[in-house]
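What follows is a set of structures for review.
Heads up, the next two complexes both have subunit A, just with different partners, subunit B and then subunit C.
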Partner chain A sequence: MTLRRLILRRSLEILVIFFLILSGLFFLFHLAPGDPVSRMVDPSMSPEDAELLVSQLGLDQPLWLRYLYYLKNFCTGDFGISFHYGRPVVEVIGERLPNTILLFTTSIILSALAGISWGKLVAWYKGKRVDTVVTITSLVCHTLFLPWIALLFIWVFAYKIGGFPLNGMISPELWSDPASGWFVKALDILHHMLLPLLTLSIIHVGEYLLIMRSSMLETLSEDYILTARAKGLSEKRIRNRHAGPNASLPVVTNVGLSLAFSINGGALTETVFTWPGIGRELIFAVSNNDYPLALASFLFISIVVLVANLVVDVLYAYLDPRIRY
Partner chain B sequence: MLKALARKSHTLERFLEGWSLFYENTVGRIGLFLLLFFALMAVCSYIPPLIDPMYHPMTGVDPEVFRSTPPSPTHWLGTDNIGRDLLSQLLTGARIAFLVGITAAFMSIVFGTLIGMIAGYAGKVLDSLLMRFADMIMVMPSLLVVLLLSSLFGQLNIWIIVLLISLFRWPGIARVIRAQTLSLKQRPFIDMARVAGASHLRIVFRHILPNVLPMALLYMTFRVTSAIIVEAALAFLGFGDPNTVSWGMMLQWVWKTGHMFQAPYWLLPPGICISLITLSFYMMGRAMEEVLDPRLRKEEQRI
Partner chain C sequence: MTLLEVENLSIAYQTRGGVSLAVDAASFSLEKGKSLGIVGESGCGKTTIGMGLLRLLPENGIIQDGKVLFEGQDLLQISEDEMRTIRWKKISMIFQAAMNAWNPVQRVGEQIVEAIRIHYPDYSRDRAVKEVEDLYQLVDIPRNRLFNYPHEYSGGMKQRAIIAMALTCHPDLIIADEPTTALDVIVQDQIIQKIKEIQKELSIAVIFISHDIGMVAEVCHDIMVMYKGKIVEVGKREEVFVTPMHPYTKSLLSSYLTLDGVFDFEDKANETVCQPDTIIDSHICGYIQHCQEADSSCLREAPRWQEITPTHKALCRLCK
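Take a look at the complex of A and B:
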């Protein structure tokens, strides 16, 4: 199977899964106790506006027609009006989504790279003190409670030591100043991103490092490593060129498997650091009973997870040619 | 009679062998001692309210305290902003963590094992249907989906939280159990049972279940950690059961009342406890994994 066919097949599977989630949410929202109309229409709207919205969303129709309306509205990007912002939900999501993707992908990539390269080294020094220390540290990092470590970082780095912003993604006074160029603005975002990034990465690095370590140990006992040694290759070359790439495959698999779990952590990080992302928006919407926004945020988070899954699968197939059977 | 006794002693022997392997493992031993410490905390949580009603974790208020106070002889870990004792809250939190972690994990392994065995044994259409369903649940972030459901069903109590967590955490177990069932199905003893006239139900529950049970138990320890984390995160975000004191709840209070910069004695203990209890279950799980999977044991001897 060529890479292109693999991508095609996985995309189809993902479309089916997404369709199932989309439909499942519809039936949950419309069959749960309570009135679906009051969930989608802001109680503070004027009666005429409310009526217009009801007919626009098809809420006055029987269930099966409402379902078709819902699918149509999803395809045309019409998710209703957010109760809290009084704006179309799709606009709010459009502003938040890039922020989440920026924070989330940076942290996943960084922690996977760090986990792979450190796990490789630690496995090389198995049984030495550095191995014991790093293994135990990673175990502890892996089980740290994320919101707590986020609060701790804010307390230590932003409050006690200073030099880091307490929350948010940008400094408003810097951005309203017309004199500041794009480079200053990018630096400002990076400055705000460091602590959330550190929080999110510290949880993942431990996990990836442990997987890389055990997979590297397994690889090092393979016959082809013995062959490489017999050929007289340098230890560094064996480690980095022969064992490393093969051993990193399980890490890639695990990144894919734990994506849904990672996005939980992403939402918590965004909330504690008030990073204006989609996970924080979902939690905020749920606390305010802003159903249209909550529903749409969840759908878009599912899309992020599914697309990231696809990317990981393709990467895996690219790294391991055996997959393309 | 004698036969039954012999079989029993064989099981006991296998258990003891496994136990000694587990206990020799440093990681497993540390995990076990940590866990015993938390169990002790949970048991002790009944004591403070008996000494004085003001030590009740939820309703007990020290009449002389009007704001959060640091540790003192009357309040060993200090008080929160309305004068409730933090030590007694921390002890009660251990009880809630065990309750949530173990019941949610138990329920999710029951769901996961049943579905995995059925899918693996039945095969064909039922198998692919169940597995696609598992895939769908697997890509949904469990914390966020529970949050979304809570917006539909209103305030959650602790048992609904437990049920929701277990409903969204079974697919991983189901996949593993399904794979094991598939390989067991090829073994001669299953064919023999079928020839002997055993019904499908009997084959699944008498012949397959005992063989997949160790794996299910192993996964249970890992599920305990994730259940504790999800419950704590829900409570931290303000969606916990308002009638219970959990560690996540304590963190929410310190965060929401704006005490996180002034009251380290309040911020540190609950977070340390959540992290350590998940660490202890995780360590136990890893040690159990080595006992159950001889390949991992060999790895230790190899180098």
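Take a look at the complex of A and C:
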């Protein structure tokens, strides 16, 4: 009951935040340097034709009216036509976004699970050699420069050792072959996904592990751990049932926070591995002044981040009954 | 019949400044179904004794020497696995800070049921729940609160629930470590009465650890006074409370509010809290600096146990 109320409340908040983002983006794009018309208008065009084009695009209207049109178009799901692709923006995004979500959710879930379970163990063996080695390694992983590690992986695993594709998400010849079933196709995607996944996870797992380790150490000094010991519980049960769940709360918070930040890392990873995701599309759209595509990319990324945050909030409330209000 | 016999128990803490002795050769015994109060100021080692009995000392705590004979078995010699079967089933605890003694993200009832089912794996969940419900009745908590979260309980309820949990496995001994700290006076009284009642009814032995000698005198058959890691006086409740022999016990008793409400500030000011890291010189009396009765012979000779009655003795050269 209370959980449902929390979801409802958070959803309303998210709607408000999204409206602010929607409006903010419009004005930011209005302020952005570079003129969309100059890109489309050919220098050989007559001034009359240029003016016609401007009025066709609606750019001669006052700002407030354009803003209202913008809101109306958003509500009807009309994001315009991409300058570059000449196709509706929604189509382009509809192709790219699932790829990004696939890569991201997998890497976040994997690195959070790995960080939590390893951090838990390492904290348990605090001061032992395994703790020292893992903690230092995590620190190094956490501070690694993402494009560098991405390039390194490509060089080592795809080029030197081989066995991994250099780029892309699918092997076209395999997909055009009618004989290959869905399982072969899924394996193909996984094969392509492994290196970018590893890159993203390596960066995050170190962070989550360090948070989990320190949180676990703090939890282990709590009185209820002493209670658990006095109750005669085994060390394993204390670690997994009493200390672990409590200690993982800060990691969950951090997953929520790092989601927004991981978008840039994601864009870089996608670019280096030419993963056909929305981050790469965004970089492309911005550098090519493809305004409708860039705007829509921003919007959809923010929707993903907002929804992911909602999920994290609900998960947190599920894990910690104290914050269900 | 003797339930617990502690002989020469010495516990030290490994600190950066060296090893500091927290409990110095403590010996005492406890009969089945009786209650013993350990009194002393903060840092005197009373909690350390309690934790030492269950082998639950912090990582830097070392049991240096001694024997803890529980039903004839030395708890310091058995393996950790064997110790786990003793914990809670034979010796349970009521904790100092009930506020934090509950895991905040698990329902209170679950945590109590867990304690039962760890020690009685063949119990069904329903049977365990039924047992906890009966215990809740005993400690006056409504049954429908059983599966609430700890933060939905009041402070007194949490403490009573801890008492209920301490009783789950029908232990022979309960160690109650400052069970009323952080509770207001009225709730304090309720809790004390409850423990007293249960102790009598179920005839469970209780070790009561407290700095409040008045409270201990209300509940316990025997009283043991500690100072700087040493037991300085042992006796029946009336003996220690009415005819204290050790100068420290005397000043401890006089520092409490009397009926006419006069607080002896001067005496209180003489009292300095003993620092846990004070290196205890076991040759001369630890209380000598604050003792009003000490004479020059106290500086030269070690204190000796003086027997006043067969049950009452004090570690002081001067009392007779």
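In the analysis below, the second predicted complex is superposed on the first by the 294 of 325 C-alpha atoms of A that agree within 3 Å, B and C clash if a C-alpha of one lies under 4 Å from a C-alpha of the other, contacts with A are read in each partner's own complex, and residues count from 1 in each chain.
Operating definition for what follows: a residue touches a chain if its C-beta (ideal position, glycine included) is under 8 Å from a C-beta of that chain, and two chains touch if they have at least 3 such contacts.
Bear in mind the structure is a predicted one, so any value in this text is a computation, not a measurement.
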Given the alignment on subunit A, is it a clash or a fit between subunit B and subunit C? fit
Once chain A of both complexes is superposed, is A:321 in touch with subunit B (first), subunit C (second), both, or neither? second
Touching partner for A:291 - first (subunit B), second (subunit C), both, neither: first
Taking the superposition on A as described, I'd like to know which of subunit B and subunit C A:227 touches: first, second, both or neither. second
Between subunit B (first) and subunit C (second), which does A:155 come into contact with in this model arrangement: first, second, both, or neither? first
Partner chain(s) touched by A:167 [first = subunit B, second = subunit C, both, neither]: neither
The chain contacting more residues of subunit A, comparing subunit B with subunit C, is B
Smallest separation in Å between any Cα of subunit B and any Cα of subunit C in the superposed model? 6
Which subunit A residues are contacted by subunit C in one complex and by subunit B in the other? none
What part of subunit B is in contact with subunit A in the complex they form? 27, 132, 135-136, 138-145, 147-153, 225-226, 229-230, 232-233, 236-239, 251, 254-255, 260-261, 264, 267, 270-271, 274-275, 278-279, 282-283, 296, 299, 302-303
Under the touch definition given earlier, write down the residues of subunit C that touch subunit A in their complex. 54, 56, 84-89, 92-93, 95-97, 100-106, 111, 114-115, 118-119, 149, 151
In the complex with subunit C, residue positions of subunit A that touch it: 222-224, 226-234, 237, 242, 245-246, 319-322
For the complex, give me every residue of subunit A touching subunit B. 13, 16-17, 20-21, 24-25, 28-29, 32-34, 126-127, 139-140, 142-149, 151-152, 154-155, 159, 214, 217-218, 220-221, 257, 259-261, 263-264, 267-268, 271-272, 279, 282-283, 285-287, 289, 291, 294-295, 298, 301-302, 305-306, 309
